[in-house]
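This is the structure, below, for whatever I ask next.
Going by the order they are written in, the chains are A, B, C and D; count residues from 1 in each one.
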């Protein structure tokens, strides 16, 4: 049964993905640019196309707390937020992962205040890398829809039982309309069975949840949680393969290399930026430059092996961060370097920070990044952390 | 949510099982009386949610689990939000005949948890929210909360040369909740356990959201000997500094309207937290009490 | 380095006296000391521990105290089979009791001293708060700090209304320990 | 019995045996609270009128009717004295814990 073609925005694709995943309860608080997700879901609940309860919570902190309550009785919870909202529910993020509640949440990547900015960058989700949530970054609306469905399969896997954050670039993806194939409900139902778990309150077998664990066993419990996230890679790859077999779309699991096999330099990027980078790679390849793109899909668990296998061989690796961890460098750069440091011979690496607060990342920006990388590979020394696309001098 | 049989609830008809047992609360803890009795009234089919407070801190210390019916700790601001999620999740799963009940303290209700409680009432989620009020943040060592009464010394409102302890009156939680147009709200005291049990049962039969505000003494925080714990909660009502009332169908009702009160001074002087009060402070407290009762009698009778 | 372990119940002032000892050594005897409770919620009635470490050089080690030179028991109902666990050879145990013979076996060979601290506290303070009485007993038995430093510590640390009586308690405790010795 | 009882407890030997995340069985007791008290309540069954006020207000739920007697679970009584204080018939006395 082929899917039904639609022309929708990233937000709408997420709402459709959520509807297909049959959540029991949606608890969400509106925030730009996520609002269309919750508006569509409200329509679906009202028109009966989604048999779910919609909780009008009074804040994002309560959105996550309610979602945890839902999961604690074994029901499937869905929520969505962005930037300030994500930060407001930070306590709940750590809480849910520690309680092993497989909640799925869409996060519209958006700059964090102050100063106020409603446009896209990844400061919000990247500042939450340590909160114990699986994090995937999608490139287009189709991948957004598909990953909401895959997210439940992975998160609810008894070996994983870890909450899952699906990240979409604010506006550039959430509010951009494109062709999306919506898979049929029956196929999705076969792919994504109802949520079954022992990690819940049960009238027949009363449990205590979110208990206190002191120095006697806390270290071991957190090791258990860490290993579940590390081993989630198996489920991620398996679900990606099965999804491809069933729905015809393979995404490559943890990462997706594009023309990296014979590349001299590689640029690592996430989300919609990877899309633009693909176009620049093709163009520069025609001009005879051996450049490649490493699309990082998952940032937690982090694809250490894949980054080493694909990017370890080249002379120079660039990492594009729509983020800056003040006082050091881009957060993705820190993670990629940590992975590459496992290699006996670490390639030269450069960090390209830009696209903050909705600043467009143009093809020219990426082309000049590749040119810089090629020069660095040729021995021209370069500053390790470079802000690109600045519209005023930095008078350093 | 089906209704418990409407048999009148008392010491003989109450469930003889203990659902909150072997906990690590201080000897004489009033809060544990409130939790224990409520769970016995409601029976085994419950989902309890407690935020960070004494009762959760003493009830879930791995491997000693004192709750033998389903129970869960919520983030501090989230009692009513998480509890709503439980109730709505259970409804979505078609789980019948189970009560979703929250136990938060005074600060957990009137301060950090107020927003979530307001949201739950607004949504009319099918929950029973119990605030056990020991008039300060006791779990963290007796700091002032929004329900700390005027004149009480706490570690953050120390009575000294310049201040008589807390200088603000208790927030009026009962009427704040009622102002939401909640289906049922009541005030109780562990000193009047029969009245408390009856109101818990009534809350369980409510179609919609119910709120119970129960006065629950804290020997440690109030500076009373452990054996007097329940009696001091009773005396609070008898001297008029607390009251037993209900809000239902949009109307208030006073359950107990004593002709004359026991002396406030006796009630206060028994407690370490009030021992410093001057006669003038006590006079202020008596005036505040009389003003409150004058209003209640005028409007609620 | 001298290490003292105090056994009390929540609300009996076990940690207050552990801190008082450390303060006296640090402020009045040019020593370095650490004082800390057994971390975690202190529930009224629940058994709790307090620790004092005193040394002539700054104390860097922050790991849990495994051994100690002296064990001080403020409430004899806390005495159980492993009350002397961690006590160093030659160390002593002090128990607030009127019937020390009852504990001759459980102190398994360690030097034991005792004081009816409850009686003394009721006599002078009118309340069974035994912490400063047992501090007096410890000083008399071990000289861990001088009586004078301990009294100065009380003056600095305690509320004015409590200072005078507690000074009498500590002094009397010392005298009564000397009489028995 | 209508109250949870202390069960033997073995610290998990390996990660697989750990509780899953932050979830554990309800009503799982591994230790008593008897060590908390310095006084214990004794009921004079003759004076007791069976009003059950002590049963209602006991913070730990350790005093209850069994047959026609009031029984106390001394494993979990903390000796707070509420029962004795609240007993109108003066049928409960707090006596010093024998050592």
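Observations, loosely collected:
Everything below uses one rule, namely that a contact is a pair of C-beta atoms (placed from the backbone, for glycine too) under 8 Å apart; a residue touches a chain by one contact, two chains touch by 3 or more.
In this text, all values refer to a predicted model and were calculated from it rather than measured experimentally.
Ranked by how close its C-alpha mean sits to the mean of all protein C-alpha atoms, the top chain is B. The interface holding more C-beta pairs in contact, when B-D is weighed against A-B, is A-B.
Mean C-alpha position of chain B lies 23 Å from that of chain D.
With centres taken as mean Cα positions, chain B sits 43 Å from chain A. Per-chain CA centroids place chain C at a distance of 31 Å from chain D. Each chain gets one centre point, the mean of its Cα atoms, and the points for chain A and chain C are 57 Å apart.
Residue positions 24-25, 27-28, 57, 62, 65, 67-71, 219, 226 of chain B are each in touch with at least two other chains.
Within chain C, the positions touching two or more other chains are listed as 45-46. Touching of two or more other chains is recorded for residues 19, 24-28, 36-37, 78-80 of chain D. Chains touching one another, given as pairs, are A-B, A-D, B-C, B-D, C-D.
On chain D, the positions that touch chain C within their shared complex are 35-38, 78-80, 97, 99. For chain D in complex with chain A, the residues that touch the partner chain are 11-12, 15, 18-28.
Across the interface of their complex, chain D is touched by residues 9, 45-47, 75-80, 99, 102 of chain C. For chain D in complex with chain B, the touching residues are 2-4, 6, 9, 19, 24-33, 36-37, 51-53, 55-61, 64, 76, 78-82, 84-86, 94.
Interface residues of chain B facing chain C in the complex, by the touch rule stated above, are 24-28, 57-58, 139, 219-220, 226.
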